[in-house]
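Starting off with a structure, shown below.
Order of writing sets the labels: A, B, C and D. Residues in every chain begin at 1.
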Amino acid sequence: MIRALRQRRVAATLLFLAFALLPIIAAAAGDPYLVIVATRILAFAIAALALDLILGYGGMVSFGHAAYLGIGAYSVAILSGAGVTDLGAHLAAAVVAGALFALLTGAISLRTRGIYFIMITLAFAQMAYFFFVSLSAYGGDDGVTLAARSTVLGRDWLRDDRVLYYTALALLVGLYLLCVAITGSRFGRVLTGTRENPVRMEAVGFTPFRYQLTAFVISGAMTAVAGVMLANQASYVSPAFMNWHRSGELVVMVVLGGIGNLLGAIAGATLALLLEEWLAVLTDHWPLIFGTLLILVVMFSRDGLTGLFRGRRG
Amino acid sequence: MTLTRTTFAVLASATCLAGPAAAQDDDKLTIGVLLTLSGPGAALGEMARNGFQLAAEEIGDFGGIPTEIIVVDDEQKPDVAANKARELVERDGADIVVGPIFSNIAGAIVQPVTEGDAILISPNAGPSNLAGTDCNKAFFATSYQNDQMHEVMGAHAQAQGFQNVFLLAPNYQAGQDSLAGFKNSYEGGVAGEIFTQLGQLDYSAELAQIAAMQPDAVFAFMPGGMGVNLVRQYRQAGLEGIPFLSAFTVDESTLPAQADAALGFFGGSNWAPDLDTPENAAFVQAYEAAYDQVPAVYAMQAYDAAHLIDGAVKQAGGTDRDALIAALEDAPFTSVRGDFSFGPNHFPIQDFYLTKVVQREDGKFATSIVEKIFEDYQDTYAADCQMN
Amino acid sequence: MSLLSVRGLRKSYGALKVTDDLDLEVAEGELHAIIGPNGAGKSTLIAQLSGQARSDGGSVRFAGAEMMGKPMPARVRAGMSRSFQITSILPAFTVLDNVAVAVQARDGSSFRFLRSVAREARLNEQAMQALAQVGLQDRADLRAGSLSHGEKRALELAIALATRPRLLLLDEPLAGTSGAEAERLVEVMAALKGRVTLVLIEHDMDAVFALADRISVLVYGRIVATGTPDQVRADPKVRAAYLGDG
Amino acid sequence: MTSLFLLQLLNGVQLGILLFLIAAGLTLVFGIMDFVNLAHGVIYMVGAYLVVSLSAWTGSYGWGLLLVLPATLLIGLLAEALIFRRLYDRPHLDQVLATFGLVMIVTELVEIIWGTSPLLVTAPDALSGSIPLMGPLRYPVFRLVVIGAGLLTAVGLWLVITRTRIGMRLRAGASNRAMVAALGVDIGRLFTVIFAFGAMLAGFAGALVAPILSVDPGMGESVLILAFVVIVIGGIGSVKGAFAGALLVGLVDTLGRSFGPIVLRSVMEPSAAAQTGRVLAPMLVYLLMAAILAARPQGLFGARP
């Protein structure tokens, strides 16, 4: 137990250190584009982390988490359009909007179980998708190009790709630590217990719904933060951010890294995006390989790709 | 000329070993082609790729300079496209990016390309903001401004003296722009105006309303699969007595699936396969021989884009960006469309036609020019363009 | 004064009346066993009393307060805990955490997000006490799923005890246990007598007659007899229900 | 106005029946096998593509349609044996992922085999026209065929489920899997049959709508989510529920689209009404679903969990 904790701390330190050194390596290799790809990876890692909180620890398979990416992204677009460019304001708006949407849809979705829950979260995400598609004030389906990235203290520091990258990294590390704290807290224990055996939790006096809904709201708000970073990275926002395929990809990331493993979620996001990028270069027909890989992982490994390797070794 | 696809692995190792690869040296021209090659819109992207490839094979080295062409797929996802665009410009050192097909992708890639010191040439998408207030000296379109096709149909409806036209478009930005464009040049009455759901399958509810109202004509903007559904259901509902005017709804990308259901339906366009110029005849013949399909405007515009680049590089004598932009503004090439020049907003000034779906002697379906509606027509947004 | 007072409790599945106008009084401090042939509705009764299953009608008063309509968690917080016939634990948790989470349920709010729960000594101490009561203190750090069946039954009991109930509803705590394991559990229950009010459903008649202060006999959803073990043993209605004679 | 309303009602029913055809197979697999199958939409798409190729090969749409049935049944059997069989006892999450992978694979294969352009298959001439209804209103003959086929499927399914031995097992399997196993029914075989049958229904639906709808690589996706909404509203596992849910979604969508703006205009000014209508219309069926699930989490005809 203690050893596992220490191992996790070492792994986390190494992973974040690697991320921290990446821009320096990229600069040395003369390939600044790496930083751009990596920023995108960080944004998705935040989203995967948030999804893992409810999926891995809460046992709630949300198939509509892309909606929160979109909500976060549109928080940037809408506030920027109104002249508010501050990153803090964008983050705050995204967190509030994401939490609110999660509260409303979660309160209905969590009345259901199993397949119903998967389907209803998917349907709510579609609803959000169509809402933004028909919202012509913000370009509808065409989306909005951001005039500039968010500002910090009125300065346009984030224009520099590396500053944006380190901001995203700082957010990721902060949210990772938050998730570690949450999963180890009283609340986290109730959440995990509910995933294991909801009737047992009721029989000792907990009302699972409240804890699940709270976790759902936290996760939604966190995913919206990822949306803010994604919008800044792409300098562009559109309803395509909340396409249901995106929701599927988020679940894939969490599973690739091994569910209920916060570092795994980050690793899964990294792996999935690199794989996508790499396969797309290898062949036009990359979905063929990606899909096959996905099926193999599901059929032969319980703990994602990391488990696949571990399993091989014995 | 070498036609390659970026290999991430190769690039990654190359950049690690060889250092900066993004150097823009004058003895090599790099063209990135960023099109939708997977997903529901892939058919259009493939046509454009084919058109560009056909021209590239004719040209060889663009402007006499060794040329590398890198083709990438934007997956019709704006954020993916933005990244691929940056990759093309910053990592591969593309001097020119040709793309995209869809307007929503254009919004996502125009900044990464133009701020990365490359030039963006759109073989199809022509959103109003890029033609007007957000016009950009490093952005060119070989296509049209989106509204123009709709304005053609509006003018036609006006000329026909229609008093009562029913309007139909999907509920998204391009759909709303399209109906606005139609009404720019049509002053008669509107029998009804319906925005359908994006990707809608079944149009019977709308068709029932049309049947009940018996308008003089229907104007529809239903690109891709939606157009296939609408056109077939329109015919099956027995409405063919009501003239069907459209834009981007019956063209060579969808006609194989619409076939005789679309016969006699009207469209507005800047071109049709039977446009009578020698260059066009050669292009259509070569294209059909190479790809066994009738080209649509997307293929034609990408074909023109390649020849435009060839001419501009020749005139500029290299890949210097400012010289290239200046050369591009002169449009130093012969378009298959005949007369072609750029307006101050870098959108074409060209002729527009009323087209009609016909079955050719070889049994294939194509659009055919009925009459010229606008001559040397410039879009209405050019006035808003303050290019610096 | 009864701690638990049940009046006219009803529940049916379709035409089948599982609980049929049932009355039951459980006095504070007693160990009240409920016996009856298979299918008499014993487990359903526990489910209804604990709030897990909805009742069609009647009244369940606990310590003077009406419990009808309240969900299970609320009844637990009021002081009514239960164990399950089919072992219900958190298999991936350690034995200690299984109990500590029950302690946590009545010890302040669980909407605490940042402080590490593993370091909350008070929770763990109380959990250890509950484990000691059932003799599992040596097993505290094992995964609960890895325990033997008898140990799981003991853990189940420890979890219920950790909620500090005034009334404990035990649904066949000895189900599936071996002789030695059963003996241990009977000792534990004997030790609890007098400190906690117990309602015990059990098939092991030796255990029931050894432990119970009073016994109620449930047949087809009704209590047909209530009394001391000796009274029940002598009751002809009970003999009829069990032996089919008389 | 009244006749238009009646026609729109008919259109709503027709859309509903179309959705039912797709949802029927899905609800069997979801409900009885407790299996999340995202790949249902692509099987529907494959059915449509196959009918295009088979019609061209046989020279007749009718034969093509008939041949699609065994073909998709075979595809169902194959997919079940290779992949799905291993996933029955897995958590829903695994099923979601594996079938998500399958969606990627099949979509890509379809693009490789048939290309990305929309394809065409035409119904026989006798069925492609329209018949006069009231006044200027006409109704396409093929729509009537679709309605007829949908109703036949519904009745056929109802007969199979209520009147046959296998149907009895299906019903029992939906309510209690362990009990059916205890009765000595080979659950594995039963599931193979249900799955292949579900695939065949999906393929049939795809083949049936191919003459009205665009046959393109995106067609499976657009109906999949609507089919989800239908079966969630109706209650997962209930064919009756799928029928009711499909009709409800069809009617709400069609009537909402055509008469919603009129209703809105009566309570607000025209431009605001147009804007509101535009935003609300695509969300309508999802709002309907949310409302129904808020009141009945198990759907209209679903068993209480």
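Details
The criterion applied here is as follows: contacts are C-beta pairs under 8 Å (C-beta built on N, C-alpha and C of every residue); 3 or more make two chains touch, one makes a residue touch a chain.
Just so you know, these numbers come straight off a predicted model, no measurement behind them.
Steps from chain B to chain C, taking the shortest chain of touch contacts, total 2.
In this assembly, C is the chain whose CA centroid lies farthest from the centroid of chain A.
The distance from the centre of chain A to the centre of chain B, with each centre set as the mean of the Cα atoms, comes to 35 Å.
A separation of 48 Å divides the Cα centre of chain C from that of chain D. Separating the centre of chain A from that of chain D, both taken as means of CA atoms, is a distance of 32 Å. Contact with two or more other chains is made by residues 38, 171, 195, 197-198 of chain B. Residue numbers of chain A whose C-beta contacts span two or more other chains: 130, 133-134, 136, 287.
The set of chain C residues that touch two or more partner chains is empty.
Every pair of chains in contact is given here: A-B, A-C, A-D, B-D. Of all residues in chain A, those touching chain B in their complex are 29-33, 36-37, 40, 130, 133-134, 136, 139-145, 230, 233-236, 238, 240-241, 243, 277-278, 280-282, 284, 287. On the side of chain B, the complex with chain D involves touching residues 38-40, 42-43, 46, 171, 194-199, 201-202, 204-206, 208-209, 211-212, 214, 224-229, 232-233, 235-239, 253-254, 256-260, 293. Across the complex, chain A meets chain C through its residues 1, 181-182, 184-190, 192-193, 196-197, 199-207, 211, 214. By the touch criterion given at the top, residues 55, 61, 63, 105, 108, 111-116, 118-120, 122-124, 126-127, 130-131, 133-136, 244, 248, 251-252, 255, 259, 285, 287-288, 290-295, 297-299 of chain A touch chain D in their complex.
On the side of chain B, the complex with chain A involves touching residues 5-9, 11-12, 15-16, 19-22, 37-38, 72-73, 76-79, 82-83, 86-87, 90-91, 103-104, 107-108, 110-112, 127, 134, 171-174, 176, 195, 197-198.
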